[in-house]
Structure formats: structure tokens, C-alpha cells
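Per-chain residue numbering starts at 1, and chain names A, B, C, D, E, F and G are given in the order in which the chains are listed.
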């Protein structure tokens, strides 16, 4: 029972670890694209956090089926939030990549230290 | 049982994430990112978030990969290793992880029905949606009506990204030679993708539209639809070259889609205002408030779809145009 | 690397009415089956969607390959044959993989498609790929480059069963 | 509903919906005109709102007609009205002045996009301020962030790109941290509405997640607000942005993040968490003090005019945070006032810099010799705003310094040492402002012979002077912002029912 | 039964992931990604049945339609690079 | 009776399909180089897909779900080989040589295409 | 004119004048200088128009704005301020006349800026003089500092800018670092900063805190140049002489001692402070400054620097008088402001005239100059005698009152300081006089005559005033007595 209870937290731990991994990439990597990839991993971790909290045991996706009584539904609200957050993530990513492309064109490199050295 | 799956997939997720960070080949990282996205979607699905999973599918599998690859084509795909000194970074993020894990012990267990999240607000949505709007998909109901203002914001985030990419990539590179010959692009001489791809495109578009209009009944909605339709057109662009795709769906149309979609959404809100309700209060749109809600949701979802489709395609073309320039 | 001459981008097939109608029909059927809801509003939207998709397909040169229509009657039989073929080769490949010694003998062969049309070549290529043990690697000017897992499968390919079947599909 | 009741929604909707329309306005000048009209309209709305809430009322607007915890509510109270004035005022004023400067820095065919991004930025910032919903704040934060990345990336030389990339990375991390925090609170309370959160957070038994959430939100917003030492993105981003963008963003962007920070900390966590007050002070106070001192000292030795001013912004953010960290009515009043006054001063300074840039390509101090002779009016405006930044009495800056010192003295034991910090940093401000003055007035012109009278374009100059005069006006008659600041303090810590 | 199938699919996903991590060539990884993608489609369909909500097959359908785009993009990516190299070589 | 039979048939199909998937996965790991691994992949892509989807179609009877499943299967069978072709062609294009007739040397170690 | 309006006019007039001068400067120098003179004259008319009201015991007051609750910008005319304002405005006119001669004679650059800033400084001076509370005082005090900075650094070369930096640095540092906290402390302790007869702090503070606060005020008001915050004054001597004359003999430095006196009288209250033992140090500090500055002055070789140190010493007279905390001494403090102003401005005018005419700046160059510039040197002599306190000059009157106050307080240190400093003053002025009148010019020196007429005229007027004040000081003393008499305010 104890073990099972701990398993209930597994999602949170994965969230923590993935978040950490993403952040690590953002902080440590000097390649700008790698940073962006790290950033999107970092954001994905948050999606996981939200989606984890929407689950209800024995529940199902919150789409009401006519004629099926007493259904338990998972929480729809975090899903709505994450839908928005995913869109935000993609938008940021696209913008970031556009910048990387321009940086490459004007500096000839996308390594942070080389860019800093160039100016 | 399903939790064991989740456990399994989550572990894979972590492994993938670590691998992405470790690899020095950016191309490989991008490929692994698409695996990451797939795993994420599967997880969402298992955790009852069908709408989110569909979104992740629509975005992660197609659009993101394509844009990443376009960027890589312009920047090169090898990362220079950084020697030494990783302790500091590891230490910082390690502390963060410990903090989060520490906090997790007070959190409600996965799936705990007694968790506060499930006690407040959310039951109200589940209970009232049939009454106020009479549509089955509560996620859509919240997304487009209860929290329609958020979604308006979301559309404008996409809009901002679109104009941002156009703005940033709109400058001509300094060393652009006059009248560079239009290079051959696309997969025109690859017979199999050509034929199969062209066969697929109408179905992808149709499926996109299906997702668009069934957002109220099943997983889906404007955003997913926009992304799927955009993917269809991107497929065509991959097959026939970006110029050909622009001929089929010209820039002006894309711009009209983006602007029109965003404005359509906003206009619905303003019309609600003019008819005496609050901004985005669709109930006033028709005599019967329930029908008014349904109508409003339908129209704003269309706006979202248009805007997202146009924006994603504009972004894709902006990258592709850069590629053919250099 | 050789490549076929690039077609001018503007070359699009004339949208012949039967082809259009067929596409519309297929799309409409797909819609109805996916949707499963038969409210007037949704059906209306469905009609709109089908028309939009078809129009887009038209703009994208969907109707360039007229041959597609002609294929339809022969398809079921071909599929049935292909299914058996797939089953057989699947078992072979599965055996190969599971054998500890893994007696594979990769071979590259070049096939000549009997059909001139693009669609025919595509069907041939994809059929080859579909059946485990053989993969089409390149198609150009009627020649297919196929990678085979074993020499046996290469040999059976070269026997021409597939090419014949695929060509027959088009010509009946 | 009457028109007046719609104002909180219109505040966001007007600039937001104008943005797509602007994209369509291709001929040059028209995009600017449209954007300016929208900017001025939203400024007018902000004024109307400020008037409406001056007597301590709160305007609540239920978006979509759904009442608060279920739908998204917009709330305008004294604090938000103050920040709204600031945001829309900065946006409108900078737009009004922007045309000539932007014509020089942005290609004509990109201008519609630029102005659209500007309006989105404005809408995003306004959206953050009026929103009473934690997640909605995130969405609008992202709109404003994306818009500001775009605006900054329009910078004239290539260095803008790495700068804005860094901003993008750090900004996204900040926003995501905020999102994590909101998620954790939502997890424990089940609501996203700020007021509802405040009410329900007291019932939470298990406090670990809430504490971690408070940490995440604070750090995330501190990143967005460029609180020392999380400010590293700011100097470069502001330095390399187009001049008018710097005016707009320096005046209000970071302040909005601080606004959310203060709002969250004093509304949601305050009173509900044991020792929160102490912990917040423990976190914010040292950072504020360090930020003030370090950034001021860096600014003293900075050789580039724009970067000098940008660095000084970090110090000024420190002041705002310092006021907030007292967690007292006086402190919040000081904070709010300093937001307003610093926006006036910095906005004016950067406007003057934009004027200078018309004749001085290189904005390093060593290259600015003879500026006062060529552009006497610009330089005079710059001096006035600089004095306000220092906090010379009679200018707006003095009012907030006064309040800040009073608040520091009230805060007890630490008071006097904090007063010392404020005073020392004011003296540092004297040093760096005076370096500018000396460069402008007393340095020999580097290129001899070119000392003819050549002022910036009238449009720009007029706005610059208007802002400079406002610095003095609000130094002598600060009643409006002060009333709003007092109102916000009463609202946030005064235990208003 | 669905469970057995899904476990098989999961195991295959792991194997594909291992292949993706090991490489050795880039194409091996892309292949693994492709396999991973089709397996996800399978898994999603199976889980939809396992949940008793077959109307969620839309998700699998979406993947089935979209996955190929990513792979085609890879082909275009390499082809593009090949062309560029060719151009450089001919100069 | 018929139902039972259908059930049995579908279970069998599903089981075999599962096995195919697994074998394909193992093959992807065991086979020595890229071109050979493609074959393993196509084993899971075609046979397994067919079996599993048909199994599920039998389970769900004549309903919309069946038709959707059919559509999914169709698209998978259509796109699968196309993707494989694209991949193999890309590899070939960038100079990754398949072995000759018999050779099984480690050929594909050049990770850079 | 209604007194209330007159107060605001007195402040706004120079501001408007500054604007007008700036515009006129673009048109023609003559117009510019005419504007200056006109403004100065108008200012005298406005300010002196207030005198009758004051003499009759009126205390006109006006509140401009309540910046924050309790923190107002308000003006109130009282005798000390009236005296200061009248002095500054009167001398401005004379100084303007002198400036025209000096600036033209020297062909200085940036003359428009010079006149504009001068007018601004005068506006600030008026504000300081009429300030009705600490906050207003502080406001105009800072404006005064800033508006004089361009005057000090007028020349614009490296050395000048460096000196100007010292000037600004010392004044701003002390005012922001010490004066401002003192003000805030006062506001927090007393709840107000209004200048009220008898002080506002009585009973609000006790013990060493009073001494500390007083210290913050005294050293915070750097313009009073109490050692060790006197460094700025010699540094400011790089400015053109009219600036030194009006600002660093009258307006700026007097603003400092004026502020201190006002604070002692109206914020602390003489009686309150007298009863507090911890405030005695101020007198000793001032005494120390007087002696030390005089000793330093002895060793100076540059005329203007000598005058600067002399100024430091003389300022501390005022501080010391105020710190004596006896009614007579307070009157003496007020009168000394006037007396010193007349004397010192004359001396500076003379030094400037010498510079314009002969470019001489060092003391040893003055041998025999009395023959070449008799008018100038006569005036110089009168000024010097006034500094020493020889009758019949103004300096004698004020020293008399201060000395009387010191005796009243039975403070021997003060008495001794006055006597000793008189000796020292004589020791550094008399040799110059001797040198100028009785020694022979060095051979081969360049022949030169008097300075331009405007300059000479100005210095003669001030010299005459110095003499006149000895005879006609009645009204001033009567007015200032009101400060210490308990008048209903």
C-alpha cells in the first residue's frame, strides 16, 4: 500500500526531473538551438504537472456521453489551461528559431560564446 | 493497470529527455524531440486529456518538426561540446528538483478524487455545461465560453508569433545576390511521396475541418484543426516546393486568414457587447441563450482555426523562404 | 544521382467532372462516417468542408493523376493477393529475425516496372515496401531500386509476380 | 450594460483588436497613425478608469458574463488604475513620438508588423494589469513578452538579436516558473481567481506546495521584472532595441511584472501563510538593496548612454522592490509611486536619447561632445528627467524617494541603514547623471565644425518636453498618482474589507 | 487481451527508443522515430478500446495522417543539403 | 455463437499482431545495419498493423468505430511505405551504402550524413 | 501688490526672466542684457514692496500645493527671509551691471547660458528666502545648487570641470546624505516641517538626538561651509567673478547660513536649544572654523582664494552668532549677513575688476596698483575694513551685536574667537592694502587703467553701501528684532 501510494507521486517526480533536465540544457548548453530544445522540454514538464492533477481515479475524459449515467469525469479545467500553454510554447519556439536563424546569418555561428566574442 | 502504462511511458519520457540533452547532434535531438512529443501525447491520453493529446499530436508530429528542420537547414546541426564545469549547473537544477520533489509529498496523489482541484470550480463546469450550452465536450465549453477570454489571448499569442517571425525573417539577408535563380526545391522527382502525398492532402484537410467542427462533440477544436490543416498544406509544400505551395495558397490568403481569424474572434466579442452582454457573452447572440452559446462557440472556434492555420503556414513559409534565399 | 526532368509548376490536370465527383463522394462518405452525427448544421458544415477540401485539392493539382480512377475496380483483388503476399513474407522475416544465427543476405536489385504511369509505379513500389523483406529505395523513370533482406526474396521479386499484378491492375 | 461598465474590457480589447487591422495598413504612415490612434484611445480609457476608481471603488467585469471563480474576471482598482495609466501613457506617448525615429530604424515594409506588435505589447501589458485571474495573467504576459521580443529584435544592429534571444530564454523561464507556481496553488485550492485563491488558501492544510509555489511565482516574476541578480537580460535588450521601443518598454514592461509580484504576494499569500511577511522581506530586501547598490555602481562606470540608463533601471527596480519588501502601507505607497515616477523619468530620458540619436550615431558618452550646443532643447529635457531620476526635490522622483525613506524609517530597526542605502544610491545616481550632463554640455565636440544648431524633429521633441514637464508637474502636484498609490496600499495591506 | 497487445507495443516502443538512442547512423534514429510514431498510433487505438471510448480514435487518425509529414521533411532536409553540397562542389 | 467465434478470431489476431510488433521491435535491435533494420520496421508497420486493426474491428462490430479503425489502417498502410521509402532514399542520397551481395560489415558508422 | 501675489511673483519673475533671456540671447546681446537688468529691477520693486507689510508685523503666507499630506510647498515671509530676499534682489541688479562690464570685458563664451542660469539661481534664492517650511526650503536649496553648477563650470576646461564637480559633489552629497534625512526625521518627529516661532521640536525629541539632528542640519547645509564641509567654496572660485561675487558672497552661501539660522530659530527654537546641553558643540565648531579658515586665508596667494577662505570664516560668524542662542546674537547674525554681503561683494567686484583690467590674480602682483586703479582699490579698502570690523563700516555694526550676544550668553569662547579673528582678518587684509597703496609697482609692468565703467560703477555702489549701512541700519535692526520678539505669527 505504501509503495502504491508512493507511485501516486511518480508523475510529480517525473515532472520535477524533466523540468530539471530541460532547465539544465537551457542553462548549460551554449548552442542556441539546443537551448530552445531545452526550453521546450522545460515547458512540457509543466504540461505534465497540470495534466497530472486533472486525473480522477476511474474517471474518463470530460466529454459527456448521452445516455451513460453516473460517469466520473476527469477535471477539464487543467486541460483547457494546458491547451493554451502548448500554443504559447509553440509560438515562443517559432519566434526563438527565427531569431536563431537571423543570428546565424549575421554572426555565422549559433554558439553563445562565439557570438559574445564577436562583438 | 493504466497507471502502470503511465509509469512506463513516463520513464521513457525521462530517458528521452536526458538523451535529447546529451546528444551533440542537433538533428538527432530534433528527432528525439518528436519521440518526446509522442510520449507526451500518449501520456496525456492516458491521463484523460484527449483534447490536449490531440493538440500535442497536431503540433508535435508535424509542424514543430518541420520548423525545427527548416531552422537546422539554415544553421547547421552540430553543437560544439562545452568542456568541464557542469557541476554548477547540475547543482542549481538539482536543488530545484529536490525542492519540487519535497513539495510533492504534500500534493494529492495522482487520481485522488478528494483532491481540492476536483472539489471547487471544476464540478460546476461539468454540471452546468449541459444546462448552459448543451454541448458534450466540457473542455471545449470552458475553452471557448467560460474561459473564452483566455482563448482570445491564445489566438493573439499565435498572431504575435506569426507577425514576429514575419518581422524578424522579413529582412533580406545582407549578401543576397540580385535575381538568384529559383532553386529546385521540394520532392518533385520522388514519385512515391508525390503520389501518396497528393492523395493524402485532401483527407488531411478534411480531417482538419472535421476536427474543427466537431470540437463541441469530441476532442478537437479550432487550434488542433488549424494545425492539422496547416500540416496538410505543409505536406504539399514539401512535395512540390514552397513556391508551388504559395501559388496554391497565396500569401495574401494566409494573411487574410490570420487577420480574419483574430478579428472574427474579437468581432464576436464586440457584437456581444453591442447586443448588451459582456464581452464574449455569447448568450445574447440569439434569442435562446443556449443556442446563442453554441453559435458563439462555433464562430469563435472557426476564428481560432483560421488564425492558427494561417499563422503556422506563414511561419513555415517565412523559414522556407529564407532557406531558398541562401 | 539522376533525376527526372522537373515538371513546370503550373502543370495541372484538367479537373474532369467524374474525377471531381468521385473525390467529393469519397470525402463526403469519410465525413459522414467520421462524424456520426447527423444534425443539419453539421451536415451543412460537412458539405462545406468537402467542397473546401476538394477545391484545395484541385488547386494543389490533385487531379493531375487521372489514372487513379481506372484503378478502382481492380483493387480488391489486388489487395487480397497482396495481403497473402504480406502474410507469407512476414512469417519469413519473423523467422529470420528470431533465428539466433540470423541468416540474412542483403541484396540490392533493380526492377523494371511494366507500367508507364506514375501511379502504377507508385503502387508497385509501395506494394514492395509493404511486404516485409523488400524495400523500395528509389524510383525513377520506371526503374525501381529494391533492397531485399535475403537473396531469396530478391529472387522472387525478380520473378516478376508483383510487377505483373501491379501492371494488370491498371490495364484491365 | 453601460459603456462605462465595459471600460475594463475595452482597455484590453481596443489595442488588441487594432493590431490585426494595423497589419493590413500597408502605406507608410498609415500604420503609425492607426497605432497611435489606438494607443491614445486606450490611454483615454485608462484615464476614465482611473477617475472611476479614484474614490476607492473597484470595477469588476465578468468576461463572457460568467461570474468570478468560474469565468475570468477583470478587476480595476486603484493599484491597477495607476499601472494602467503608466502602461497606456507610456505606450501612447512613445507611439506619438515614434514616427520619425521608427522611420529611420525600421524598413517601411516591416512597419505595419512593427506597430502591430507594439499594440499587442500594449494590450498584453494592459491585460495583465486588469486581470484578476492567475492563468489569464500568464496568457497576457506571454502576449506582451512575445510582442516585446519582436519590438526589441527590430533593433538597428545585429547585437539586438543575441540580446533579445537571451531575453526570450529568460522571459520564458520566468513565465514558466510563474505557471508552475500557479499550477501548484491551483492544485491545492482548486481555483484560479486571485480573490478566491486568497479566500481558500487559508483552508489548505498541507503547506509545502504552497510555499514552493510562492517561491516559484516570486522567482518567475522577479525574472520578468529584472530584479537583481536576475536582470542580466535587461541592459543589452534595452540598449540594442530601437530607441522608441526602449522608451516604451523601459517605462512600463518590468513594472507590470512587479505589479503582479506585489499583487500576488500581498493579496494571495499575505495573512494566509505564517511568517510569509518575514520570508518575503527576507527574500526581497537583500535583493533590492544589492540591486540598488550594484547596479548603481555599474552605471557609474558605464560608457554607453543607453546602457547606462538601462543599468540604472535595474537599480530603480530595486527601489520599487524595496518599498514592497517592507510589507507596510507606507512601503506599498512608495513602491507604487516609484513605479509611476520612474516611468516618467526613464521614459523622458530615453525619449531624449531617441532625440540625440538623430545626430549622434554613436551613443557612447565620449562621442557626445557638443551635443548641448547642437540640440539645446533635447539636452535640457534630458537634464530635467535626469534630475527627476536622481530625486531632486521639485521633480517627481523626489516624491517617491521621500515616501521610500519615510517607509524605511517606519520599518524599524533596519530603517536607518536602508535610508543610508537609498541616499548613497541617490548620490551614485547624481554621479552617473552628471557624467551624462558633463558629456553633453562641457565636453569638446569630437568632430569639429559640425556644431550647427540641429534639433530633433518637432514631433519627437514636443513629446520629450511634455514628459519632462510632467516630471516637474508631478513633483509639485502629485495628487493623482498619490491618491491612487495610497488607494492601492490601503487595498493591498491596509486590510480593506 | 488489449492489455497484452499494449504491453507488446510498449515493449516495442522501448526497443525503438533504444535504437533511437544507439543510432549509429542518423537514419537509424529516424527509422526508430518512425517506428515509434506508428506504434503510438497503435497504442492510442488500443488504449481507446481499453478505456471503452472508441470515439477517441480521432487522435490515432490524426497521427496516422500527420506522422508522415515529419519523415518527408527529413527527406527534404537531406535532399536540400545534398543539393547545396553539390552546388558548392560545382563551384 | 458467432459472437464467440468473432471474439476468438479477434483475440487470435490481436495476439499474433502483438507478437509481430514485438518481433519487429527485436529485429530493429538485432539486425546489423540500417537497410536491414528497415525490413524489421516494415514488419511491424504492415503486418502488425493489419492484424491488430482487424482484430479490433472485429471486436467493435459494425459501428462507426470500425469504420474509423479502417480509415486509420488504410492511412497507415498508405503512409508507412511512403515514409520508409523517403527514409531509405534519404539514406541512399546522402551516400550511406547498402552492403553488396553478402557483405555484412559494419558499414553505417558514419553518423554524419 | 497684494503680498501673497508678490511672493509668487518674486519667485516666478526671475524664472520668466530666464526664459526671456534665453530667447533674447538668440536675438542680440544688448537685448539680453537689457532683459536681465529689467528683470532685476522688477524683482527689486516686487520684493522691496513687501517691506512695509513686514515692518508692520504682517506675515504674508501662501500655500502652493500640498504635495503629500503634511508635505506642502508653502511660502511665508518673515523678517530673516525678507532681509535675505531684499539683499539678494538688490545686489542682483548691481551685480548685473557689473557682469555686463566683466563679461564683455573678458569676451566670455556662452554668455546667454550665464545670464539664464543667473536668473534661475535668483529664483531659487527667492524660494529659499521665502520658504515656509523645511520641504520648500530644501526644494529651492537644491535648485540653487543645480542652477549654479553651470555658472561655476562656465569656462568648461578640464580643471574647471573638475572643480565644478567638487562643488556639486560636496553640496549634493551633504544635502542628500545629511540634510534630507534630517528633514525627514524632523517631519517624522514633529509631524510637520513648518517654520513656527519658537520651534516645532520642543518636547518631541530629547537627549543626544537633538545634538545629532542639529549636526545633520548644520553639516547637511553644506552651503554654510562649516568645516569640514567647506571644500566646495574655494573650488567654486574657478567661476567668473560676478558669480563669485553674488553667489559665493551673497546668495548661495547666505542661503546656507540663512537656512541654519532659520532652522535654529524656527525649527528648534532658541529656548529649547539653549536648554539642551548637547547643542553646545555647534558654537565651538563655528569658532573653530572661524579661526582655522582665517589661518588658512593668511597663507593664500591668490586673491579670490583668500576671499573664499575669508568668506568661510565670516559665514561661521553667522553660524556662531546663531548658535549663541541669545536674542542679540540672533539679530547680530542677521545683520552680519547684510554687512558681510556688502563688504564681500565689494571685495569680489574689485578682484574681478583687477582681473579684467590687468589679468592679475595673485596678491603679490598687486604692488602699487592703487595708483592705476584708484576707484577700485578705494572700494577694496572699504570692503577690507568692513571685514575687519573697523568703523565706520558695516562690519563693525554686526560684530558689535554678535559680541554683545556673546557677552549676554557669557560665552568666553565666542568672545575670544571674535577678537582673535578680528586680529587675523587684519593680518591678512592689511598687507594687501599696504602693498597696493604704498609699495612701488614692479618695473616693466604693463600699463593699464580702470576696468570697464559698468564694473567700476557697481563696485563703487557697493562700497558706498558698506559705508552707508554703518549709519542707516535702524530699519534692519528693527525688522530683525521681530525675529526674537514674540510676535503673534
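In this section, a residue touches a chain if its C-beta (ideal position, glycine included) is under 8 Å from a C-beta of that chain, and two chains touch if they have at least 3 such contacts.
Please read all numbers here as calculations on a predicted model, not as lab measurements.
Think of each touching pair as a link: the shortest run of links from chain F to chain G has 3 of them.
Any chain bridging chain D and chain E, meaning touching each of them, is among A, B; the list is complete. Using mean Cα coordinates as chain centres, the one most removed from chain E is G. The busiest chain interface, judged by C-beta pairs in contact, is A-B.
Comparing the CA-atom centres of all chains against that of chain F, the greatest distance is found for G. Core chain by CA centroid proximity to the global CA centroid: D. Chain B and chain E have CA centres that are 19 Å apart. Measuring from the averaged C-alpha position of chain D to that of chain G gives a distance of 43 Å. Here the CA centre of chain C is 16 Å from the CA centre of chain F. Remark: chain C and chain D have CA centroids separated by 60 Å (rounded to whole angstrom).
Contact with two or more other chains is made by residues 13-14, 23, 26, 30, 32, 51, 55-56, 58, 61, 65, 67-68, 72, 74-75, 77, 79, 81-82 of chain E. Among all residues of chain F, those that touch two or more other chains are 19, 24, 26, 38, 64, 68, 71, 75, 78-82, 84-86, 89, 93, 111-112. Across the assembly, chain B contributes residues 25, 50, 72, 100, 104-105, 107-108, 115, 117-118, 121-122, 125, 147, 150, 153-154, 157, 160-161, 164, 168, 171, 184, 187, 190, 192-193, 196-197, 199-200, 203, 207, 214, 217-219 that each touch 2 or more other chains.
Here chain E touches chain A in the complex through residues 51, 53, 55-56, going by the rule given at the top. Chain contact summary for the complex, chain E toward chain F: residues 1-2, 4-5, 7-9, 11-16, 18-19, 23-28, 30-32, 34-35, 38-39, 41-42, 45-46, 49, 54-55, 57-58, 60-61, 64-65, 67-68, 71-72, 74-75, 77-79, 81-82.
Interface residues of chain D facing chain G in the complex, by the touch rule stated above, are 387, 391-394, 398-399, 402-403, 405-406, 409, 419, 423-424, 426-427, 430, 434, 438, 441-442, 475-479, 482.
Contacts from chain B toward chain D in the complex involve residues 99-100, 102-108, 115-122, 124-125, 128, 145-150, 152-154, 156-157, 159-161, 163-164, 166-168, 170-171, 255, 258-259, 262-263, 266-267, 269-270, 273, 276-283.
Partner chain B is touched in their complex by these residues of chain A: 5, 7-25, 27-31, 33-34, 37-38, 40-41, 44, 47-48, 51-66, 72-84, 86-88, 90-95, 97-102, 104-106, 110-111.
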